[in-house]
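First the structure, which I've put down as structure tokens, then a few questions once you've had a look.
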Amino acid sequence: MNTTFTMPALGPIMPEILLVGVALVLIVVDLLYPRNRVLLSQITLMSSLGLIALLLNQQTAVTFGGMFVVDSYSIFFKIICLFGLFVTTLLSDKYLQVEKLRQGEYYSLMMFSVVGMMLMASAADLIVVYLGLELMALSVYCLVGLLKDDPRSNEASIKYFLMGGFSSAILLFGISLLYGMTGTTNLSGIAAYCAESGIMTNPALLAGFALVLSGFCFKVGAAPFHFWTPDIYQGAPTSMTAFMSVAPKAAGFAVLGRFLMTGFPEMHEQWGTIVALIALLSMGVGNIVALSQTNVKRMLAYSSIAHAGYALLGLLAGTAEGSSATMSYLLIYGFMNMGAFAILILLCSSDNRREELDDYKGLAKTNPMAAFLMLIFMFSLTGIPPTAGFIGKFYLLKSALAAGYTYTVLLAVIFSAISAYFYLRLVRYMYMEDPQEEFVATYSPGITVALGISAIGVLWLGILPGSVLSWASRALLAF
Amino acid sequence: MPTYLLLIPFLPLLSFVFTFLFGKRLGVQSHWVPIVSVLISFFCALYAFFQVKNGHGVNQDLYTWISSGTMTIAVGFLLDELTSVMLIVVTSVSSLVHIYSVGYMKGEAGYYRFFSYLSLFTFSMLMLVLGNNFLQLFFGWEAVGLSSYLLIGYYYDKKSAADAGKKAFIVNRFGDFGFILGLFLIYSAFGTLHYEPIFAHIDIIANQTFSIFGNTYYLPTAIALLLFCGAMGKSAQLPLHVWLPDAMEGPTPVSALIHAATMVTAGVFLVARCNPIFSLSMTALNVITIIGAITCLFAATIALTQTDIKRVVAYSTVSQLAYMFIGCGVGAYSAGIFHLFTHAFFKALLFLGCGSIILGMHHEQDVKYMGGLKKYMPITYWTFLIASLSISGVPGLAGFFSKDEILAMAFASPVPAGKFAWFIGTLVAGMTAFYSFRLFILIFHGEFRGTDEQKAHLKESPKVVTVPLILLAIGAVTAGHLGVPTVLGGDANWGHYLEPVLGHAMAHPSHFTEIILMIISVGAGAFGIFLAWKWYVKEPEMPKTIAERFPALYNLSLNKYYIDEIYDFALVKPALSISRNVILNFFDIGLIEKVVNGIPKLIGRASGSMRKVQDGLVSHYLAYMCGGAVFIILWMVVGA
Amino acid sequence: MSFPILSLLIFLPVLGGIALLLMRSEDVKNIKIMALIISLLELACTLPLWFAFDKTTFHMQFVERHSWIELFNIEYYLGLDGISVLFIMLSALITILCILVSWNSIQIKIKEFFVAILLLEGAMIGVFCSLDFFLFYIFWEAMLIPMFLLIGVWGGPNRIYAATKFFLYTLIGSLLMLVGIITLYIRGGNTFDILALAAMDFPVGLQMILFWAFFAAFAVKVPMWPVHTWLPDAHTEAPAAGSVVLAGILIKMGAYGFLRFSMPILPEATVSMMIPMLVLSLIGIVYGGFICLAQTDLKRLIAYSSVSHMGFITLGIFALNTQSVEGGILQMINHGVVTGALFLGIGMVYERTHTRKISDYGGLATNMPIFASFFLLFTLASVGLPGTNGFIGEFLILLGSFLTRPWVALVAATGLIIGAWYMLWLYQRIFFNPVNSKWDTIKELDAREIATLMPMVVLIFWIGLYPNSMLSFMHVSVSHLLEQVTGNPEGIASGVQLAVDHNYEAASSAVHHLQQAVEHVQQVSH
Amino acid sequence: MFNQLAFLYCASVITGTGLLAVRFKNPVYSVLAVLVLFVHMAGLYLLLNAEFIAAIQVIVYAGAILVLYLFVLFLVNLRQEVRMERFISSHRYGMAASIALGLCLLAIIPSFTIGAKGTYTIERITELTHTKAMGMELYTTYLLPFEIAGLILLIAVIGGLVLARRENTNEEVAK
Amino acid sequence: MIPLSWYMGLAAILFAIGTYGFLVRRNIIIMMLSIELMLNAVNLNLVAMSHYMDSLLGSTLTLFIITVAAAEAAIGLGLIIVLYRNKKSVYVDQINELKG
């Protein structure tokens, strides 16, 4: 037996390694300078920017025996995740101050979770997918529960943990079935075996597939596995909610996309309909339940369920175009949702979190700039041109229509119209009601930058989306 | 395009614009521009008349108004025999009324407004008669309606006046509804709306039919009847006559000009103008004759019992207009126009006389409070007498010639209803004489029945009022002599003059018949006068007795056959009630809005119940998730 | 490449709005003046269109074409033809009037108000210029945002309900259209170029589906019965400027959409859906008219009258012949002018009285004679009195629809009667009747207000007396459009099918009989 | 034959203790039942020639994780309180869902077909010993997952620390 | 020879039992214990398949699962302690402040 150990090429995985390194450095820095929070956030910001730059220059590569793939698809998602990290860090300086959160581990845990996400995005093997997912999840469990004195935060993290554990178990059982049926956990291996042995309609394989799909749907917060979303989003620290609504969701979609497109491209016939159903259910639940929410954070949580549904529209098409639509949408969603959460954080102060709808009454009078930005984000979330949300939605609808899912698209459009109601309600409260209290939000530098990035992103992608869209579509050449 | 022709309509238009914009500043002097301009128009019209007489008719386009696809409609003027007559009627009466108004309207608020509206009316009416196409006719048609609306509602702060104006406009719209459809039909048949090509190629519709809602109609009949709809509205024929009596809410000069002499005759003008079309359809002619006859009788019977002097005259107008329609209906268009012409003078005279009386009585219009005015207002008395004699058809006066020509033509006409119309016409001739003299007697004879204060102020109206009366009286006497029939030794100039446009009457009675008919109608008139004299001078209790003996008939007449009430009950109230209860409350609010608001409400309710699923219990969430996983497995396995 | 005048027209107000946004909110006077200057400048920039427009060709003019989103083959493609050119000018004009009428009546968030108006203008002009379906959709939806705010922020007491209703109603329609647009794009070989799409042949089944998808957006916008109920609420609650721009431009876009998209791209579907569309229009005409009779609210009444009038417009468009379509387009302008003017007037009087209840008024003509005269003119134009612009449009529409289907004109013409009824009744209740002593001290219009109304008066007479100046822009384009739709430049029918009578003999014998009778009588009498 | 009997024995014990574990009122008993279950599971692993896994099962699961559970159990609960209601008030949904899931999973077994054969035949594993075979695989083929697993454990440390550590924010603020 | 389906059947049953416990127990610690049962079912599946397929992949995955399970237990129990500090309860149906 030949047992020589050959070092796999580490170049492709260098960003992840660097990130782990920075995360560890952060722990050390935290130990050395327990007072200096600014340093931690600065390191995080710098490193995430640096990594984005690094990723942009990365070449396509495969390493670790085909388990780890660097292609433009994964790079795209990694950048979304890092973008999430970057903006969240910008948001955090004010938020942590307001909530008096002082754990230095905050940043490093976030980084570890981003490492998990990046691994997920690159994973070509279900083992790596699973482990990356757990790495991400475990970090996020901790982060959600970081406000230890706040029972809600604690409740959220427990709930997330329980449901996450359950979904992992489901996922694993599915993986075990897939492994048993195909003898491999490598996604392209699975695809090859399925095509070769013609077990595409084997119930056991389908059941395994269904279980894995359920597990991933949990991660992206699609119905009927969405139940964690509202509770966790509401309970979690707001900066974490912002983070979760963008980065882990993107990572989940990265995995889901790769799973469907690389693992089971031949079975589109089987999974198309169910994914469409899941998408519709997500949109339905998300949009309809959001109508009766009075807490903005919770409303945004439901909206994120709905948006997961929209993003699924791209995947269900099963085409390269569809995936690129989903990718662009997630990026765009990152901009607009981050913006909305930035406003949420901007408004919160230590005595009043101002998460209720009523707190937004008359915002246009007291804080015109914040109100105006929120208006842009809300219209973008609704999908009204000339904001980025429209472009994203357009791309999704187009790809789903091109794949022949006309009725799904019609329903999606109707749900989208329903969603306008609750997004607009916020606008209405801000612009058309009288303020209840006079307060002036304090802008921290981080928040200002974050808002600037989001607003510019939303408008820029709304008006000149060409470059990003073609970038996303180029990313698909890997498939 | 000859300048004199352009001056005729556009001077009044300029005067309207000028007076409307600057009249307020001119104050009591604001009448000068309108009067001068309308007088110039009058002289131009006279000139035009002679031009036509010398064979210099005009048919020219001014500019292209509307063009769309193959359709081109110009603004253009047609000056022919018919137009020239109408021009003289309009401008002459209008001039006199303008002058008269200086006296009548003195001191009214919005003096300038009145004159500017009068000018507007003159312009509109001239456009109506001068147009060389149907659409321009329609323009004038509607514009006179507008002027009428404005002038009826001159005392706009009086609700009854505002109501009357609105009513006039809307009732006319009913007629216009038919009119405009008639225009469409004409256009679709001829591809143009200009008179000349249409009348030149009238044959092409002679055998055509036209289908709508699966029914087929003879095309000329359809066109003619639709056009006649418009005429009925404008000329207040049954059943669209209801607006005219109410229009008496306007100042009296307006009643004289618009609601007696000119605008209301536009319907007759229309029928005469379109005589080639009407002549193609016996049915249409018959309908016109019948409607004319019925209206004639109907209005006369109402006039018998009214006590408001203007209303009496108004109903008499309706009745006289019906005569004109009978004339047209039996194919004697020139007779209709002849009556139009004479009627313009004596009816304007009657109205202006009424105005003079009203002025004297300080805006008292009810005959009950008058009486014995003869000695206070001699000029008014004499002119009013002439007018009454004229309308009663006393031989030698204008009304006699024209009315008898119509009756004779009706009698002789091949139109089936001709004889019937003759009979009614003769009957009404008697009734006309009766109510005219009833009115005359009640006003000028007997004792004064008004208040002492009124009595103290009674005096003859100023010159500016009486001079027009005198001028009109001359017209009321002489106008008829333009068309003395051959049987009376005349040479029927009138008919000959209009022949190029209106053609021959379908049939002439023999001279003998004509004489007989004349005698009958004069007899009827005389009898009417006699009866009036008998009942109102000799036996003043008689009317009361009769009224008490036939209360139903009396009330029917007094209340105008309850037509207004019937309309109100059958049309207006249901329309309002349907719009409020059925369309607004049931459909719009009850159905559409319920659905529109109901769907969001439903979604909201769904939202409320769906959020209950999110009950905060992890175990439940997990159960649902597990159920979801099971569902997906089953779906995929079963689906495969 | 010629001067990009259309881009200038679109972005001048947008940039102006942004510039306004940068001004200090307290500097109210300068903000107003600045807004007015921008809008006047905009109008001035539209003038070259009037003079340089080539009326002899149906090809798009002033074309600008740049690639925009290459991935989807989306272009920044602008151009005008005879159908759209006049709306640009109308939009520019109406915006000025909106700014003038809002001069004193807007009291809160003044800067934002004018910004919204200017942004709205940019989007509106964009809608009329776009020749790329996607670009069109962007502008189409972008209009919603400022309009939503206009109603919702500066509107009446029930403004939030109205604004939300307006937004959702139109959004649902638009989104369905979006699905249609994308389907069209996919089936049409990945292009949004309207002209290219119009040149393609789509299967009839697909056309039908797409027709309804477009219908959803355009009918709501028009608004056609039965999706009209947002309009009364929106009109009622919107500030005067909002109502004016809504009536003047916004609701025209639905009809414009039919002309620009539904008809040329889906010709077969248009022809086969003609009757249902005509019936819906007729229902709108009659239904809207009757509802006006029952209204007690001034603005609501005018709003429902818009439903009725827009029924005429869609009737004209779907009657599919030269006269009716040209009439429809002209009537779009007319309705914009007249109803816009009515709302301007109502805005002025509302500023003085603060009541919209008709029964609160009465006898205003005594103290406001000038205003009464203006309003009378607008009323008459709305009623369609010849000499005013309303007549030309209605006449052409009715004539055209009569040529297509006589019964349609028969029913539609009843709208004229009802229209006269409710408008004159309204006029009477406001201006006539005994003077309501509440308004004894009401002020007559001032110079600014007269200046606001004057352009409308000029347009009313101009179009009423010389409509050819407007119609001449359309002839060629409309013929081209009709040729695309029906294959015949004159449209469906150029005359009633005066088929030779089935009962030819009966008819001719009737005439013969008449002549005989005449001769007979003549013989007898002699 | 022996194998089958052994399997049946282990299987019945596993099922039994599993059921007991989820139904015991006292969580301590549950933990103990699970302990038994884990041991028998290790037995099954032995039957499957996976002695390394069996060892890990006993060491990590039974030895470490369960002890942790017991520890926390004792930390957070007094024994008396623990005896209270076992099930959530409305556990029917859960029961139905879990049974349905189980039935689904059972129902698909007959259609299960084994995938492609690998290279580690029983003979080869026996030859190498399971531990060595695993070790070789872990450090070559599965190096990346192995590293990630390490990272996960690191997270567990950090996370456990962050969560369990009592914040003395007041103190800090005071300073 | 024991058929693979026996192992799989046992795994399925065990998984169901775990699920059952997870879904119906109110004590969070028992719920976590149930997760362990479920994971064990997966492990059994994997090891059995691994065995029958002459592959080590399943066993390796099992090893990772056990590792993750340990990490999860650590974090989960940490969370429980925080919960207990806050609420003095470990019952899942008592943490339902967030809902709707």
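Labels A, B, C, D and E are assigned to the chains in the order they are written; within every chain, residues are numbered from 1.
Following the convention adopted for this analysis, a residue touches a chain if its C-beta (ideal position, glycine included) is under 8 Å from a C-beta of that chain, and two chains touch if they have at least 3 such contacts.
In this text, all values refer to a predicted model and were calculated from it rather than measured experimentally.
Any chance you could name the chains that touch chain C and chain D both?
A, B
Return the chain whose centre of C-alpha atoms lies at maximal distance from the corresponding centre of chain E.
Between chain E and every other chain, the largest centroid distance is to B.
Please flag the chain sitting at the greatest distance from chain C, going by CA centroids.
Between chain C and every other chain, the largest centroid distance is to D.
If I rank A-E and B-C by number of C-beta contact pairs, which comes first?
B-C
Kindly work out which chain lies most centrally, taking the average of its C-alpha atoms as its position.
Chain closest to the assembly's C-alpha mean: C.
Whole-Å distance, chain B centre to chain D centre, using C-alpha means?
Each chain's C-alpha centroid was found; their separation is 102 Å.
Rounded to a whole Å, what is the gap between the Cα centroids of chain A and chain D?
Spacing between the chain centres: roughly 30 Å.
For chain A and chain B, let me know how many angstrom lie between their CA-based centres, rounded off.
The mean C-alpha positions of chain A and chain B differ by 78 Å.
Taking the mean of the CA coordinates per chain, how far is chain B from chain E in Å?
Computed value for the inter-centroid distance: 96 Å.
Could you list which residues of chain E touch at least two other chains?
8, 11, 15, 18-19, 22-24, 26, 32, 49, 53, 55, 57, 60, 64, 68, 71-72, 75, 79-80, 82, 92-93, 95-100
Name the residues of chain C that each touch 2 or more other chains.
168
Spell out, as numbers or ranges, the residues of chain A touching 2 or more other chains.
127, 131, 134, 138, 141-142, 145, 148-149, 158-159, 162, 166, 173, 177, 179-180, 183-184, 203, 207, 230-231, 292-293, 421
What are all the touching pairs of chains?
A-B, A-C, A-D, A-E, B-C, B-D, B-E, D-E
Touching chain C in the complex: which residues of chain A?
Result: residues 364, 379, 382, 384-386, 390, 394-395, 397-398, 401-402, 406, 409-410, 413-414, 416-417, 420-421, 424-425, 427-428, 431-432, 464-466, 469-470, 473 of chain A touch chain C.
Under the touch definition given earlier, write down the residues of chain C that touch chain A in their complex.
Per the touch definition, chain C meets chain A at residues 68-72, 109, 134, 137-139, 141-142, 144-145, 148-149, 152-153, 159-160, 163-164, 167-168, 171-172, 175-176, 178-179, 182-183, 185-186.
If we count contacts the way the header does, which residues on chain B are in touch with chain E in the complex?
611-612, 614-619, 622-623, 626
What does chain B use to touch chain D in their complex?
It is residues 617, 619-620, 622-624, 626-627, 629-630, 633-634, 637 of chain B that touch chain D.
So in the complex, which bits of chain E are touching chain D?
1-2, 4-27, 29-30, 32-34, 36-37, 40, 43-44, 47-57, 59-60, 62-64, 66-75, 77-82, 84, 90, 92-93
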